[in-house]
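Sharing a structure, written as structure tokens. Questions coming.
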């Protein structure tokens, strides 16, 4: 009983960590620029496809593909930021929605055209498959790896936000753009960089997600909802918030499905609506 | 018995010369920062009071508390003799307690006439009416037009709010407030950012308002304050430092050092 | 106003009457499939097979040139499917409606088939009742009860006495659950418990844990094809359920080629029931698969075979009617038609217009380092049990 | 009408002018009859365009005028659809009364929901509407005994419209019916946004902070418009159910909510014709693109959206309005309107 409880909590947490990696980038960029980027998951999908291509076509080892996924997504985001996003920073958020939805459509179509509509098969290296038993509890190796990665990312993010000059600029820009400008921070540039890093993380998340939730052209749309949930519940621009929200949602989702399966589909939404009614600005949100 | 008598008498007295607006022991904290401490003052019917004090003294916060945009931690607020401490902002407006904003808080894409007509319609309770077209409410439109005329906006009223010159937008701030037929009017730096000569005009307009309207205005320009205020309330660090006639205030040492001193190098 | 409408009504009626006349030496086939969206891949696989069949048999049958018009429903959208069917009939003057991966869309289009008296070939939609909606429709795929009731009975005979079922919480899932439990219980087995998970369910670990805790001798699972089979199989492996001890039973989608690729050895030992597998041993199938892989660089699946046999049915029916393409002649010709398909011998039940075929029991094994579904048992001439009961 | 207005004080004309019927409007509504004569074979598409337009119009009232972004508006569309479908399924196939009942139900639920909605703004509001919508979807899915679950509602049988016009294969009746309802609802919406209430709504959109400061009960206004919008969305859903005699879970789905939002923004939110124009352009484009290329049509739709945003801010109508006003201001800066209808 206790064993299964621990197992369930762990699985939920691992799932949450996946959501976290996918969504943290969006949270920061939204918080800083109030730019509604619904195409965030398109970058994740890009990362996923990069990883798949490298593994299946070029037989790269899984780990080697992760940084490439990150870089590719980041690079793509820079291009788009220059070409399109930049024009709409001052536009209404509705226009931003329209633009980014358009990008989602295009990305899905392109993925379907290039890779076909087929579900991309991936084979994890043996040492990431199966599960280890510890104190009678089953831990899936891959989920352990996922949790480790996510924690590492969180640590790096928090550390760099707290202790680097750039991090300070980002925090300033998130707290109060006008003031940041006044302090002579180039918010535009800061944002562009943050945006690239955030998208890169999404790409990494996309690559990590394949093993757990698969990858097909629908990804850019199907995960959008979950990402938005994490961002809104966590609170805009708050890494800690995204982390808390993601683990909370992941755990409640899995635990709910285990203990009250008839509520399985409802739970994640119930939790979200409840939390947002309690704290409209999100768990750690200021605005 | 006797007590009852006293109460009755008290009530009658209150009814007779109750101030238009009064507060008792208002307190408000943001975490450790105290923004209002034991604020007590009374604004008589038809008075013209000025609220002055250095930046961050808590003037705007006080207006937010009075108008219900902030809830006080302790204390009570009275409009006439009835308490409004817990009533919602729009209810206070309906009862005649109205404010303007230091930073223009207008309707950018409404024409000037539309904006004021909106306020008039809301006061007249047409706000939810959707069976007849707006132009059918002529007397509302006429009233709005009249108000704009009285504030020298008559020839601007067909332009979009966002296209108005800044000074005119300040006037529109007041026009919107007047459209709600206020009994008590709280003006938060009505002349903020307006060049001096214009601000004098603006205050002439204000002081020529009907004597049924009691006015409390925040203003930094002491010349203006001394010219237009019958009494002056000086706030510092979230508390009322002193209240008195312009003469008294001008003579007051503490005011000099705290406030005028500040203006010296500000 | 009303007179005007009446006038226009007359006009419309006139056009409607006018429509079926002509289409002299072409036969138009309207394909309604979810080419885009969540189910796009099913459409791709089916359409590939359709193209392949036409390529192999030429696009002229009984002196008539075949013309295809392809329409996208963008997923489950009966309103769209119905509209497209209407437009195909009214505007494009098609003679045959075909395709239909998704049950709701098939049901909606059936109304049009009935009203316009158009032959309709259902190449996948697998809910039992689909064919009852239009007297002009025939099915060349499979029905869920056809597979799983048979499977339930077989499972008990094979020595599994207790079973736990877990299915996707939607129509097909419920059908599969009901059918398997019925077959299993009627044979004498005992269901120790059951659970339903959301249709779009990214993470199965929780449900698998439940199933594990129930420790039955067999776990019956049903998931829609696509993303989920692999995720489910992985979850099974991760939670340490060993197919050699606890039998994992499922419908074929669970272990189709794509799923097997990504689930890897965690799939070994899973037992599934299905009507077609690309590794089915027969001359016909080998040539079919060879040609298919040759053209599309991937193995066909049950959507492909549904489309392939669907085209065969259309061709043969047209030959039989000598090219007459009206609904009554075609459905008459289709009834009772028998042929040898890559999946084995199949026929169209003259009464229900539904498919009669062999049901295969397969186990996932390594064949030359490749995971495969290896057939080790089969039940022949299986009809859809639901409609059999309806008759009684 | 307009003759009587001559010699009226400018202040009345200023507020009266935007409420007048423009020639372009009249031309537009006449044009909506063209499909009957020019494209008979597109009538069923036309009817679904009209239905989507109605749905978009209902969203426009809350989003475009009161500034309430909703990602769950399909909830009311679906409620209407299922209500109409169930009524017809259980023996009462009369369309008009069914339409009214369905709309009423949607309205009641909308009113209940509005108490929650009015309390939130921004991202929280979007996500709460989204969440409520998804919850309803899941509920409908699990209540398959009532809704038929994923297979969709079966056995919907509609009676002829007005006891005379069958719902025919051409979609002739369907379009007539949908168009008539759309037009009537449009008239109501038009009157509404030109009323004092409409002005108050624009006030809420323009500056939610100032509204209470002029004594406006914003929450009450929002509850009211939200309920009205729900009724209209319910009507749209009911129309779809009746004209196709099918209802499926997708009527409640996130996809539908997202699509209608895109359609409205594309056409131009806050403009009476934004939703209608958006529906026409989006659905016709989709029909044409997917006709040419059933597998990758949404690539072109995507490009269309991107192009519109970059070239015409605030949607097609908004963008055009800006261009024209820029153009006209070069000649004469005559009194300009805040929100042209």
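Labels for the chains are A, B, C and D, by order of writing; each one numbers its residues from 1.
Everything below uses one rule, namely that a residue touches a chain if its C-beta (ideal position, glycine included) is under 8 Å from a C-beta of that chain, and two chains touch if they have at least 3 such contacts.
Please read all numbers here as calculations on a predicted model, not as lab measurements.
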Q. Within the chain touch network, how many edges lie on the shortest path between subunit B and subunit D?
A. 1
**Q.** Most central chain, Cα average position
**A.** D
Q: Please identify which chain has its centre, taken as the mean of its CA atoms, farthest from the centre of subunit A.
A: B
Q | Separation of subunit A from subunit B, taking each centre as the mean of its C-alpha atoms, in whole Å | A | 48
Q.
Between subunit A and subunit D, what distance separates the C-alpha centroids? Give it in angstrom.
A. 33
Q) At what distance in angstrom does the C-alpha mean of subunit C lie from that of subunit A? A) 36
Q | For subunit B paired with subunit C, centre-to-centre distance based on mean C-alpha positions, whole Å | A | 73
Q. Of all the residues in subunit A, which ones touch at least 2 other chains?
A. 112, 262, 265
Q | Residue list for subunit D, restricted to those that touch at least two other chains | A | 138, 141-142, 295-298
Q.
Going by the touch rule stated at the top, which chains touch which?
A. A-C, A-D, B-D, C-D
Q) Across the complex, what residues on subunit D touch subunit B? A) 10-12, 14-16, 19, 191-192, 194-200, 202-203, 206-207, 209-218, 220-221, 224, 335-339
Q) Once bound in the complex, which stretches of subunit D touch subunit A? A) 63, 69, 116, 120-124, 126-128, 130-132, 134-135, 138-139, 141-142, 254, 258, 261-262, 265-266, 269, 295-299, 301-306, 308-310, 313-315
Q. Which residues, counting only subunit A, touch subunit C once they are in their complex?
A. 4, 7-8, 11-12, 15, 112, 116-124, 129-131, 133, 138, 140, 142-143, 211-214, 216-218, 222, 226, 253-258, 261-262, 264-265
(Q) Can you tell me which positions in subunit C touch subunit A when the two form their complex? (A) 36-38, 40-41, 43-44, 169, 195-198, 200-203, 205-207, 209-210, 213, 226-228, 230-231, 234, 237-240, 258-259, 261-262, 264-266, 298
Q) Any idea which subunit D residues touch subunit C in the complex? A) 36, 40-45, 48, 138, 141-142, 144, 148-152, 154, 162, 164-165, 168-173, 176, 240, 244-251, 255, 290-291, 294-298
